[in-house]
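One chain, subunit A, links the two complexes that follow: it is found with subunit B in the first and with subunit C in the second.
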Partner chain A sequence: MISDTLNTAGAIAKGMATTLKELFQPTITEDYPFEPPNFEGRFRGVHVLQRDANGLEKCVACFLCAAACPSNCIYIEATENTGDNRVSAGDRYAKVYNIDYNRCIFCGYCVEACPTDAITHGHDFEIASYETGTLVYRKEQLLAKEPQGAPAK
Partner chain B sequence: MTEAETVYRPHPEDHTFLDSNEIVINMGPQHPSTHGVLRVVLRLDGEKIIGSECVIGYLHRGVEKIAENRTYVQFNPYVDRMDYAAAVSNSLGYCEAIEKIMSVVAPPRAQYVRVILTELNRIASHLLWLGTHALDIGALTPLFYCFREREEILKIFENYCGARLTTHSFRIGGLQYETYDGFEKQVNVFCDDFLHKVDEYETLLTGNRIWLQRTKGIGVISAEDCIQYGVTGPVLRGSGVKWDIRKAMPYCCYPDFEFDIPTGQNGDTFDRYIVRMEEMRQAVRIIKQAVAKIPDGPIMAKIPKVIKPPVGEIYHSIEAPKGELGYLVVSDNSTQPYRVRVRPPSFVNLSALDIMIRGHLVADVVAVIGTIDIVLGEVDR
Partner chain C sequence: MPELVKFKLNDKELTAEKGTLLIEAARQNGVEIPAFCYYPGLSLQAACRMCLVDIEKRPKLATACTEPVMEGMVVWSDNEKIHTARKTTLEFLLTNHPLDCPVCDKGGECELQDMVFRYGAGGSRFVEEKLHVPEQKWSPVVYYDAPRCILCYRCIRICNEGMGVGALGLNYRGVNSEIVPNKGDHLECEECGMCIDICPVGALTSGAYRYQTRPWEMTYVATPCAHCGDGCKVTLSVRNNQIMRGNNRDASGLNGEFLCIKGRYGYDFTHSAERITKPRVRKNDELVECTWTEAIAAAAAGLKAAKTHGVIGSTHTTNEENFFLQKFARQGLKTPHIDHRRSADFPALMDALAGRPATPSALATSRDVLEAPAVLLIGNNPTDQHPMLAWNIRTAVRLRKQHLYIVNRASIPLVAQAEAAKIAKAGEEIEELERFRDALAKEKDVVIIFGSEVKGADITKLVAFGDTLPGHTRYIALADNANSRGAVDMGVLPDLGPGYQPAAQAGMALDEMLAGNLEAFLIVGANPARRYLIQAGKAFVVVQDMFLTETAQIADVLLPSAGPYEKGGTVTNTYGEVQRQKLGLLVNGAKTDLEILSLIARAMGFDLGAANAATQSNEVFEEIRRSVKGYNIAAAALWTGSAVPAVTLNGAVPHRDRPDLIASSNDTLFTSGTLGRYCSALSAVAEAKERKNPEGIGK
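Showing the complex of A and B:
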């Protein structure tokens, strides 16, 4: 009986000592949302459609990403580039490029499939919304910013 | 039979005193300690359980049916969503099954990286189990410590493949991503640190009187019952059966490593706890060996661009953190599987819940659900 009590007290003391020790360890939690969270380099977030050095869109509307996508969430409409309306470096460009984030599972297949490295994963992740309609992202929302000093079109 | 009859089917051998005060209560599907959307219909005599029935399907997404409408490659990310606490294991099982049916072998480097990540995932899954299981029983502290170490593992995953939970880290034929700079170092640092951390969890729990009283002799299942019900994983080993697919039917490059299979004797909640704690230590042992001799070379085998396995069917199983995870794949030589059937460990282990909780109190149901370590995403699929 007495040894039982002593054992219990000993076990509690040992547990408490562990807790006390941890009290003096450095903090490891992040202060999100007051501070931006830390992401590792390969983090797969909301996609970014890249531009090349001249500010032209890299996407040539080849539909490979849409074909690779397991959840069929990429919708593309292709149009020919013309002399006075040159949007991409190739023959065609994506007039409409939608990604439906209701369905996207961030698997990365589209990024792997793209022959021109046009579509990449960014680090944005705050896309929660009360309205599913706003989760269909258009090309304008996905495109990277035009580089500074790009030649005027 | 109507649904009500199936659920409240009386068990002829159980009678309450004068059949007067039998109560039927619902535990779940919205209950914090059923670890998801599991509904357990309990038949009680006072607080004593005289029968139970699990009602599942609240998380059913038809994963197996989805497989029939996707190509082999496209289905790969979906398997991560079954046991989301151990996505890497799911992926390993699926990729190896398809490789087996195509008669392809992943290159050695890919296999080593696979083992490292899978074992890390085993630790992560056990940590999640330990934290929540202890929390259910009333020990709040281990949760924070477990999640702290789990975070380290998830950082390695994020660094390696860009996602923390539904990692989608393996591809049919090998790996998509080469390891990043400092991968070996980060894994080694984690392993060295982690062994002390396991001791720390044990300090908090193993000798604790409340922990012992809540776990010793609770949810006892005999080895024969385990085998009859097809229970695998730590639950089976807790009952004293030395069965681990990594040793019994080796896959990947597990024969290259030395490790022990911990077993218990009594088949109670406490023994299963000890088995899982020891499994984490053994996982560290495997990881350290793998990191030490990780070979150079390609990470992807030569596989055709369009995967069309020959006609046939194959069953491949691996030792997931929760037990035997098997895939039966039937191919009709098209780009999409004819049928994919998953043998999920959680689902099979859950079938033994009834015999484990009979005669115990309501509070013990929580302990037993925790100790079986189910993930409802895998039970319902």
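Showing the complex of A and C:
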């Protein structure tokens, strides 16, 4: 009976010692949503369509991402670059580029398939919505910002 | 029985017909010998060095495409030596070939891509910079990207030999070699696009298709072409209810891989901005858009109020629609006045050939033209009006030594292939035939092909002439449009019902109807106002059409109909071969002519059957098979994509001769009646401006 009591008190003391010790250690959990979360570099979030150093779109509308996509969520319409409307560095560009985030499973196959490194995974993940219609992202929403001081097109 | 020879391929004993090329003999026995420049039917080139094989007792590898099989030959197509040779050949082909597959139109269906994947080495030893030459635009429909070209010369040969045009040639030598068009920097030719189709890589690309999509993104629908009466099949590449391109690489039709500019590029009327997609009703002398319910009710009321009716059918709608139309006229409206624009005198031909057995038929098919030892061509200009017929004749003359005899009012391009040609004055074609009598008497079997120049009594004279020839003489009458023959076979004529049976009561012909005092007209897919004066306001006019044509503009009720690529059914080409038309895409707002007719029939209280839009086309087809003489054709063959000849020779055809009504619209390669006006690619090419349709009539 007495030894039981002593044993219990010892166990509590041991446990509390750990708690007290950890109390003064730096925290490892994150304070999301009050602070932005930290990501590993390879985190697969909402896609970003990259631009090259001249501000032109890297995407040449080859459709390989759409072909690689297992959930069939990428829709592209291609058209030809012309002299006065040059959008990408290649012969053609994506006139329409939609990703349907209702279907996307963030597997990254599109990124692997891309021959021009145009499509990448960004770190945005807060895309929950009450309306599925808003989950079809258009090219304008996916494109990276034009670099500062890019030459005029 | 052809002589067979034995040879050994990869240690297997095989046999092949004597004289077969090794590459073909291997293919027949299921062994693939890769090649770029070899193409069945074209002259041999041995340019690509891809088909190298190892032949016993030969010190060097030999090209399988130029080597006929010989008795006792021992060949290897799959050893270490050949693997190395293929890898090296492909490495050389890729010396200057850009690796821009992601943007190249051919990516995914490129023969070079496939070959490198299958036989090529993983890397290249070349470190030198690739030669770059800017892309050239040869015409609105043909673009040439020289660096991609692997110099197989297929395009040059198909243009020279297949098309007989010879618009392509070669400039410079070695790595600088380039294909050049006949006018230096641009093309002047038939714009058929065969060079684009036959190109194994993406060097020649189509202006209408380039940089728009990728081959695996589309669905493919093989359906008869909407334009001339030849009945070529065009494989439409469709994406999101939009036709991206037309070609026939799958060789699914009568035409093999052949297509002219109309078949290949003439699909864009489907997406024309001028398509009508809402019904219109005339109110206060203006056509205003309305709902389908309103329009059908207005059409039914107007037709019901009139005591006399005239019905005009189309040469573009399906057999089902034409059959239903004549049923609608004869059983529904109870009018005998029904006609269409005729361009060949089929009733006179069937009458002249009455009593001949079904087999061997006195009517020739398109394949017969290819196989016949001799062809007599009277009138017409097949190069412009029946491009597949011209292609078949050229092929037969080239590969089978066919003899071609021509009687024409002018010197046509096919004269280059002819054994003998005579220029005849208008109306004297039959008399001119006597000059060929001795030559034709020496031929085994002759296929006689005639255009709209021969009609009425001349056909009887022609058949009498054909009967004097030894051998089995067969005939083909050339009609203008995709279903001109079908319209006649289905009885869209005032004096004949379906299957060339006399109508219960003979009605007025097209010109009489339009000049007469009929109270109402139903015009389906035709544009008679282009040739005849129809007095608007005098009669109540219901028009079913895709566009606001001259006729549609005077309509009281205008109903937007679906185009030929937007519906199922069957069509009969000018040779009498029935083919199934497949639904390629849907266009919002339009209904098929059959559905529109059945809706009007229901609104008018006619019981004509086939009321369910989903199944009506098949229902009417079954009715045609049951009731139209000669159309009891094998449905299974039709359903699997074959062309089945209708047996339309069924005894005497008592008809009323109206040779004055039979006229071809003499469409060129760049016009196609009213329909051609809405095909932007046809009018975009420079040649279209030079070769205007002389009479300016059509449809």
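In the analysis below, the second predicted complex is superposed on the first by the 153 of 153 C-alpha atoms of A that agree within 3 Å, B and C clash if a C-alpha of one lies under 4 Å from a C-alpha of the other, contacts with A are read in each partner's own complex, and residues count from 1 in each chain.
The definition used in the following text is that a contact is a pair of C-beta atoms (placed from the backbone, for glycine too) under 8 Å apart; a residue touches a chain by one contact, two chains touch by 3 or more.
As the structure is a prediction and not an experimental result, all values here were calculated from the model.
Trainee: Does the subunit A-based superposition show subunit B and subunit C clashing or fitting?
Mentor: fit
Trainee: Could you work out the angle between subunit B and subunit C as seen from subunit A, using CA centres and rounding to the nearest 10 degrees?
Mentor: About 100 degrees, rounded to the nearest 10.
Trainee: In the superposed arrangement, does A:T116 touch subunit B (first), subunit C (second), both or neither?
Mentor: After superposing on A, A:T116 lies in contact with subunit C but is clear of subunit B.
Trainee: Is A:L6 contacted by the first partner subunit B, the second partner subunit C, both or neither?
Mentor: neither
Trainee: Considering only the touch criterion stated at the top, classify A:T79 as touching first (subunit B), second (subunit C), both, or neither.
Mentor: Only subunit C is touched by A:T79; subunit B is not.
Trainee: Kindly classify A:L64 by the partners it touches after superposition: subunit B alone (first), subunit C alone (second), both, or neither?
Mentor: Touch status of A:L64: second partner only.
Trainee: If you tally the residues of subunit A touched by each partner, is the higher count for subunit B or for subunit C?
Mentor: B
Trainee: Looking at the overlay, does A:D91 come into contact with subunit B only (first), subunit C only (second), both, or neither?
Mentor: second
Trainee: Could you tell me how near the closest CA atoms of subunit B and subunit C get once both structures are overlaid on the shared chain, in Å?
Mentor: 9
Trainee: With touch defined as at the start, can you tell me which subunit B residues reach subunit A in the complex?
Mentor: Listed in rising order, the residues of subunit B that touch subunit A are 70, 73-78, 81, 141, 145, 148, 151, 155, 158-163, 166, 168, 176-177, 180, 200, 203-204, 207-209.
Trainee: Which of the residues in subunit A come into contact with subunit B in the complex?
Mentor: Listed in rising order, the residues of subunit A that touch subunit B are 7-8, 10-12, 14-15, 18-19, 22, 28, 39-44, 68-70, 105-109, 112, 121.
Trainee: What does subunit A use to touch subunit C in their complex?
Mentor: Residues in contact with subunit C: 60-64, 66-67, 77-80, 90-92, 115-116.
Trainee: In the complex, go through subunit C and note every residue touching subunit A.
Mentor: Residue positions touching the partner: 100-103, 107, 210-214, 216-217.
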